[in-house]
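Please find one structure pasted underneath; my questions will follow.
A, B and C are the chain letters, set down in written order, and residue numbers restart from 1 in every chain.
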C-alpha cells in the first residue's frame, strides 16, 4: 500500500496533489518553501509564523496548508516552526550544477559549515553527498536547527534531510 | 548511558552526585534521581527475581504504577525504585520474591 | 485523624489537574491539588516536541514549556499543590483519604475534580517479562526526565502517536530504533511523525508483531513476524533483531480506581481506552459535585486534557458561586469550541464520536433517573 498512511512516505500522488508543494519551475527560479503536509490534522503554526502571508490554512485548521509562491521570501521561519518538521526551503537557482535545501534538524552532533554529509531521501536512503553551507540554531527556533545543504541539482525533489552523524562518547 | 548533551533539552548538570550501594557495590548517582535510573545508568537492568519461578524483573512503567521495579532499600522490601529518590549512602539490594524486613537492633 | 477542608479538591497535578486548578483558584475558590509524584506536571514535562493545534492550543511550543507556563499560572492563582501525597480512597460522599507526610488525613471538599490520567497497556508474549521490555512512556520518562538511556538498540511496538513520537525522542537521546512494528496494515499516528522516522532510516513494518523477547536475564534480541488479516503471525516470516530493549506503545487505559469507589456510573468505550466515567458537558459525573478531566475521561492527548481541565475548573468554581453563570457558560462554550477543533478531521473522528457517545450515555442516565439535564 502506498502513501504516508501506510509507509510514512508521501506518495508521488500525495505530493502532486499537495497545495503546499511548489512547482518545479518555481523551485528553479529561487528559494521557496516546500510544505509537504499531506494529511488533514488540526495544526496551523505555519500560517501563523509566516510574516508574508505565503502559507494559508484558514478557519478549518485541518485544511492542508496552501503555499502562495509569489509571496514567499525564503526566510525559513516555517522550516523551524512546523511541529511536524514537514517544511523545507528549496533553491534550484543556487548554481549551474547545484541546488540547496534548508531542512529542520533536531539531533546531535550538528554538522559545521563546510562539512560533507550524506544526503538522504524521504526513505532515509543515501542519495548523494551534500555540502553543509549554513547551520542556524537560534532562540526563535526553540531548539530546532535549520541546515542549508548544497546537493547536485538533479536530486532537489528527492533529498529531504541528512544522515545522522554518529555520536562519539 | 547518561544523556548529558541533548539537541532540545539543556545540558545535564552532572556535578551534584551521591553514592548508593547496589549489593554493596558503590554506584554514582545524580542527587535526587530515582534509584532505578541510577541502576540502569550503571548497566543494571534486572532488579529482582519473582517468588514462584525466580524470573528476573526490571522496570516496566517507570512511573510508580506497576511495581515491577521493586527492590529492598535500606532493609525495607518492595520499594518502588522508579519513584524512590536516591540518598547518599543508601543500600539497595537485589530482591528475591517479596523480600523480608531486615531485623533491626532494638532501640 | 486530621480533617482538611477546602472548596475544591483536585486529584492529579498533571495537564488536566493543573489547568483546572489555575481556573478555579483564579476565580477565587480555595483549591488544593494532590499528586503522588514528587514532581508536578504528569506526562507534560516528558513531551519535548512542539505541539500541534492552533495558537490557542499553544501550537509550536514544546510540551515542557507549556508545562512550566501552566505551573506559573497555578502558583500565581494561589492553588495549594501537595506533592508526594497519595489519594488512596474516595467515599460516596466524595471525601478523600490521603497520606501526606506519612500521615493519614481526610479531605472534605465541596467539589472534587479527579484528573488521575491513564496508564500504559501491557502486551504479553514469550519473554515479555524480561528486563528490557517496558512501556514506551517508561522509556520516554527515563530518557527525557531522568536523562538515562533505557537501552541502546530499541524495537518499538505500536505506531500510534506515542510510538512514533517516543521513537523519535529516543533517537534524539542517542539510541537506535531498529524497527517500529505495527500489527495493523496502516500507521496509526500522524504521517509527519512517521516521515521523520523514515528519513532517519527507521523501518516501519506494518502488519508485523513481536513474537518473542529473547534473553536469559534481560532482552538480548527481539523476534518479529509478519501477521495476516486476523493479526496472527505467519510462520516462516520471523526475523531476529539484535535489540536490547522492546518498548510497548499499545494504548493507554484510564486510571479510574477512585471513581469506581465513588459509585459514579461508567460506560465502556474501546477507543477511549476502556471503562470511562459518564459526564455531562460541564464534566460533572453521575455523582453530584464530582468532576473529571483529562485522559481519565478517555485517552486523547495533552492539548484536550488541558482544555477539559479548564472547563472542569470553571464549572466547579461557578457551581460554588465564584463565577457568574453567564460568564462561566460563555467561557466554557469557547473551550468546547476549542475541543471540537482538536477533535476535527479524520484523525479526530473516532475521538469525536466517542465523546458524543459518552455525553449521550450521561443524558440517557439522567433521563432514566428523572434528573434535570
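Rule of thumb we're sticking to: a contact is a pair of C-beta atoms (placed from the backbone, for glycine too) under 8 Å apart; a residue touches a chain by one contact, two chains touch by 3 or more.
All values reported here derive from a predicted model rather than from experimental measurement.
Novice: Which of line, ring, star, complete and other names the graph you get from chains that touch?
Specialist: Its topology is that of a complete graph.
Novice: Count the C-beta pairs in contact for A-C and for A-B, then report the pair with the higher count.
Specialist: More C-beta contacts join the chains of A-C.
Novice: Using Cα averages as centroids, what's the distance between chain B and chain C in whole Å?
Specialist: Inter-chain centre distance comes to 26 Å.
Novice: For chain A and chain C, what's the span in angstrom between their mean Cα positions?
Specialist: 32
Novice: Quick check: how many Å separate the C-alpha centres of chain A and chain B?
Specialist: Chain A and chain B have C-alpha centres separated by 43 Å.
Novice: Where in chain B do residues touch two or more other chains at once?
Specialist: Residue numbers touching two or more other chains: 1, 6-8.
Novice: By the touch rule stated above, which residues of chain C touch at least two different other chains?
Specialist: Within chain C, residues 62, 172, 174 contact more than one other chain.
Novice: By the touch rule stated above, which residues of chain A touch at least two different other chains?
Specialist: In chain A, 106-108, 143 touch at least two other chains.
Novice: Applying the document's contact rule, which stretches of chain A touch chain B when the two form their complex?
Specialist: 106-108, 143, 145, 169
Novice: Would you mind writing out the residues of chain C in touch with chain A in their complex?
Specialist: 49-55, 59-62, 65, 171-172, 174, 185-187, 190-202, 204, 206, 341-342, 344-348
Novice: Would you tell me which residues of chain A are touching chain C in their complex?
Specialist: For chain A paired with chain C, touching residues are 1, 4-10, 36-45, 48-49, 60-62, 81, 83-86, 106-108, 120-125, 142-144, 160-161, 163-164, 167.
Novice: What does chain B use to touch chain A in their complex?
Specialist: 1, 5-8
Novice: So in the complex, which bits of chain B are touching chain C?
Specialist: 1-4, 6-9, 12, 30, 33-34, 37, 40-41, 45-47, 55-66, 82-83, 85
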